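To keep things simple, chains are lettered A, B, C and D as they appear, and every chain counts its residues starting from 1.
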């Protein structure tokens, strides 16, 4: 997962990009970078990147060295491709035809490996292991007159998920793949235009949300105005269901609705799927809070603060030589004994991937005296890996891919375990419209045949 | 405010102190330190201190340099006494009679200034501006045979609030002033004894909570057992009311009850004091959450997540050159528009000191579309400065000391404003018992005549 | 200027590379890097690079992350191409045909700009501004069967100075351009083979010096043995005269003679060109010391320590607000008044580029009481820029390009000024043999027509 | 060993102190600190201290936080008293009578331990293990009317070596113990007065050297002028002989003569004590260079650069896993083979303490091919520990305390070994005058009976 931002038309573009990335920090904490230009000038672009949070990588001094009215930025989640500085985006290169080009990309290409091989055989040199560099090489080798045409040509060659901001010394471009897997929003702040992964970045910047970039849309933006055109490949949109379930921030808008609304509705739906006789509803903070509110409301059960989150948790710890049980989870979550002691509780969380953290949380609750523990998950079981940019593990490591429900309850140590049904999830997300989502991580039906030979969802 | 910890009888004492301080981090984020000994040996003590969070100051290597089976630690809140490394505790000195002594102190002496002057005239040299160093000098100058006697003598000279852990190469001591302003708990982990500001530190360490150290108690602990004696001055206990309201962690025990229980009860009491016709209850996270749960439960109004807390907020920011409205609050709190738009909301928080942050939060909610905003505070108005260790500003800067209720509502920009009554607060805290608290910050009645000539609460 | 090293056949190759770079630190202080492989395995290569001295960039931990029996390293002098992390060598890429390739390069290509333009038009993407990346792209695009052939083909396309170490997962290669501008030596340490810019790196590693890599030679080395072949272009060698004058370390061997021997001989020759009646000979430390020893010996004048070098000079300074005369020079060099007061002195240095530092040193000596100052330079005046890797400024900034001798003496503030004649220099360097050097920086006669249209030295 | 500086009367006092410490860096590299005041104001003093070189501890920002027209500074050598931040000088305290006082001290008190014990019994608290803190406590406890009187009283209690700069918010004081063990000079820069350990600090600051502070002198300096008075104890001066031999910088003045002059004269005297038939004279750089120049001059033998010093040696190294012979010495010193191969050489160094480094240097020279090695030391053998501030090891670790000359030659691996005779040393240092030095490290005759029961030199 990643977060991207692009700004054109503000003399403090890199500063706005900095705050925008700050708002998108939940989409990637491993590394970040910003590249800036002065439009209309032939001068150099400025760039700064590094490992760490936005706040650590960028300092007052750094931003001063990123002048210009055009900036793009990127936050990166840990990737499989190794921990190399060469993988930190935005990437940049000098095109013989279009001058300096810089790009920030959110998503995963499904044919990156094949394209890379083909390009290397033609003499291209790769410095990163990132999919995104493949796009640069395709741009460099496409012989057409305009960059818009070039990007359309390139889009014919690449498959999978890509939301992209790209900039030259003249223009800012926003691209969203034809399925629209990853979100990308378009906004305005005074005279400046902004592209961002989520609307929460616009909110922090006091910018106006104009609309989502449409699946398959290519936006070309200069300092005065913008134009829109369509990529050549046409498909039915397949928004990633995991964005509303887990990835996007609760206050962000997805298809014009806040993520909080979806999550609360999932919790409600979960409660409506059964009748449970327990003392209290508690959430795994902060991920399970919206669904727990919905669950409590729909079930009429009292909501209590059973787990408190510690706000001083750093990124690195000294491992205790002398065993402290469930050490890492305890540093972050603290059970409130008065809520739990001798109570039967229903615990709400948004999803289960490997199940290791959930198991530790359950043990924490048991140790604090909970009599009965019923775990409820406000999304269906994740049984398949994602090929479109959500960093899920291989199936061997997915709890729900390896175990049936009773075995899962056993492993996690709960009295009962239930997930939201896929039907209920669809109802929540589609809101009575024909909006379509990708549910491949739940049912294994991928929207398009990809190169690793996986089953494809039937045409709609 | 500060947090303190002491451990005796575990070969990894400094590591346990490290995790204990970690759990007490909310009591002080400016600086921290740990001192360790090997009991029974005449060797050197080891010490490490620094500015920053526990996680930043201590690393794997640092702990290795803190060997021994006895350790005490301290986390410090920003103090008035200037940002000097000499002020970081634990303090340590070599007493001619008792050998190396190290001390960590939570609280404020009310006659520190007078004592310091007297000591300087006698030729004592101070290296810090801290009250706690005064105690060291009194120890150094008291000519009695045992350290216990010495500490009792010293307690006759000092006034105000002090919870102390003190260690020599033989023993660990725990002291709580006769009023018991600041908490101090006593626990056990295997064969080791532990003293800590709050029980949450015991929980993280898998240690057993034995009991609170009593007001006016002096505990002497060695590797095998402990003995208890009383300080010479007798008074009625006066626990700080601000510990359950704001300072202690929700999962900690105060007088055997979780702080969460008190806070939720304050929210309930707040709801019972009026009947409000609004759409939704929201909390200011995380401080207002327990009271909001209580308020929603008692009022029957729906609780919603109207403000989301950002977990990636660092300690330093780049100030935006181009104005972003309510910038600092926005980095931390994000309004959820769907909850707020065209709604009348009751917002719950735990207390108001200066009111500056509250005003910005209210504006955030208005900008997100809230139609009516009713602010409810689950404690009485703070109108007097604290002299016992809570770092409140002078009266000029206390919103409630300078304004009546309607003016406060006006300044904060809310439609209505109400505080919990002192009577209700007392009922919640006393739980039908005769437990007494200090309410000086609400009513100006300080438990004892202090040197700054302030009114004194009538004897109980 | 740069320094390079390559090792094959030692399980601690990266550690040897680290110490080798350490010995070559005088050739470049801006940045450094090491890449390592395990030969015979198909695994990943490991890489670490950074800005700063070898000692700052590499730590115990870093070397542990650079396993393998093959390593190459690079130290870089500040370059014109901007201060970008992308410019730090060794460079590396995955060739479709030959697998991972990594390269470290010392020297300057004279047709880099033209080649880069040509490659960009063909769709190549450049990530650095370095000449060396051009070589990588040429390798990637050359379609031949073996890497040896490939390197020969590439050598037909590139002009200028290049001493190169290059490695694949099977072999280490050493290349020296047909003119042999930059040094490259070949040595052995137990079973391991080593390539290095200077023999002083072999000395530090307790390795045996085998021989210089010959101009136009391509060495292919595996874990057992090596083979030698010639590059297709043939020319007369033209060793850089500035290596013995200034750049190489005094204890290194150039054409089997120590640099110290050349420098002392230059000082002797300087003394033999005139008869000067002064009190004392002093050196500008440390650059002028060998020549000063030679000058004193040949002239019979007493050598004294007139300037002491301060060993605690860091890289950054606080600029004094209140003027301290000749501040920066004074931090580094301290005049010894008893040697200088009322004395007529001859001051020896190795070269003058801009003259700014020399002027300040002279003023320092005057302030310390020197009555007469005669500056003698143990090389001819530098009047032309170098195009082969010595980082000289443009002619506008070369003191000797802009001024005649009397004007130079005036600017520097000396009573008399003399340089070693080019004839004497040639005699010293050629040692009666037919060895040829490049003297372009003195006489403007470049060994080959280069793309910037500069005069060419007549064929020998 | 340490270096101290004090400045009064310049609005940029801390900046001058910074550069002054920079010039004194050779006297102590472990830690440093500066304290500054604004004279005449009652405001706070400012302080900054840390471990590391002056250049590392102080940055532009730091100096801005050290305002005022009065500053004192200190550089510290590694001490026995443990590596604690509390030991970094200047020390400071608030005296009830004289206000804030800060002190920087060079030297060792011989009765520090006894005084400390006495003070602790009276209730004083020590935070450091430094002798200098004893002086502070004596000041705090001395009841007299003026600080001058107080300092005189204190001087009656302390024995041993002390050169001190001390400052209040009104005045700067300079004190040198009655024996004058450690140097202290007095200078002027415009209207400002400066005290410094060595004249080289005045030179860097463009300040005028006025005179040495006299043994037993107390200088009181304000912004306009200064007055001088004598400490009550009278003795014959006993300047430390190790200052001209090793510790002071070659360009500094000691008794109005440059240290270089003394060192060269020692080398000459060494040559005059024998007739040696060798090929070449070489110095151990940089310590042995002045004496080697003197030796070569007096003997008529040619001086050559046999060892080159590496300027890029950092403070920490990665230890090579695979043995590199004489690794640490080799990082710093590089033998020049052409000077050494098949030659008989006389190697000059200034002193031998443990002998470990010398042994490694000798092996380096042998490995480089030296046929015969004759080591000559330009001072007598060090056979006794120093109690006056030179950080010599205990006698067990002094090569000359444990071995006779032939055994020493054997251990060091040289063909012959000679030291300068004490008689010759005296002649060089006394220059025909009655100046007296302390030679206790050579002959064990300490100038005054000290508390560790060591023999005393007969009265002069």
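Just a few scattered comments:
The rule is short, and it goes like this: a contact is a pair of C-beta atoms (placed from the backbone, for glycine too) under 8 Å apart; a residue touches a chain by one contact, two chains touch by 3 or more.
The model shown is predicted, which means the values in this text are computed figures rather than measured ones.
When you average the Cα atoms of each chain and compare centres, the chain farthest from chain D turns out to be A. Chain B and chain D have Cα centroids lying 49 Å from one another.
Computed centre separation for the pair chain C/chain D is 38 angstrom, with centres defined by C-alpha atoms.
Here the spacing of chain B and chain C, counted between their Cα centres, is 62 Å. Among the residues of chain B, none is in touch with two or more other chains. Going by the touch rule set out above, the chain pairs that meet are A-B, A-C, B-D, C-D.
Partner chain A is touched in their complex by these residues of chain B: 10, 12, 15-16, 18-19, 22-23, 25-26, 29, 53-56, 58-60, 63, 200, 203-206, 249-251, 253, 257-258, 260-261, 264, 286, 289-290, 293, 297, 302-305, 308-312, 314, 316-318, 320-322, 324-325, 330-331, 334-339. Across the complex, chain A meets chain C through its residues 44, 47, 82, 84-85, 93-96, 117, 120-127, 136-137, 140-141.
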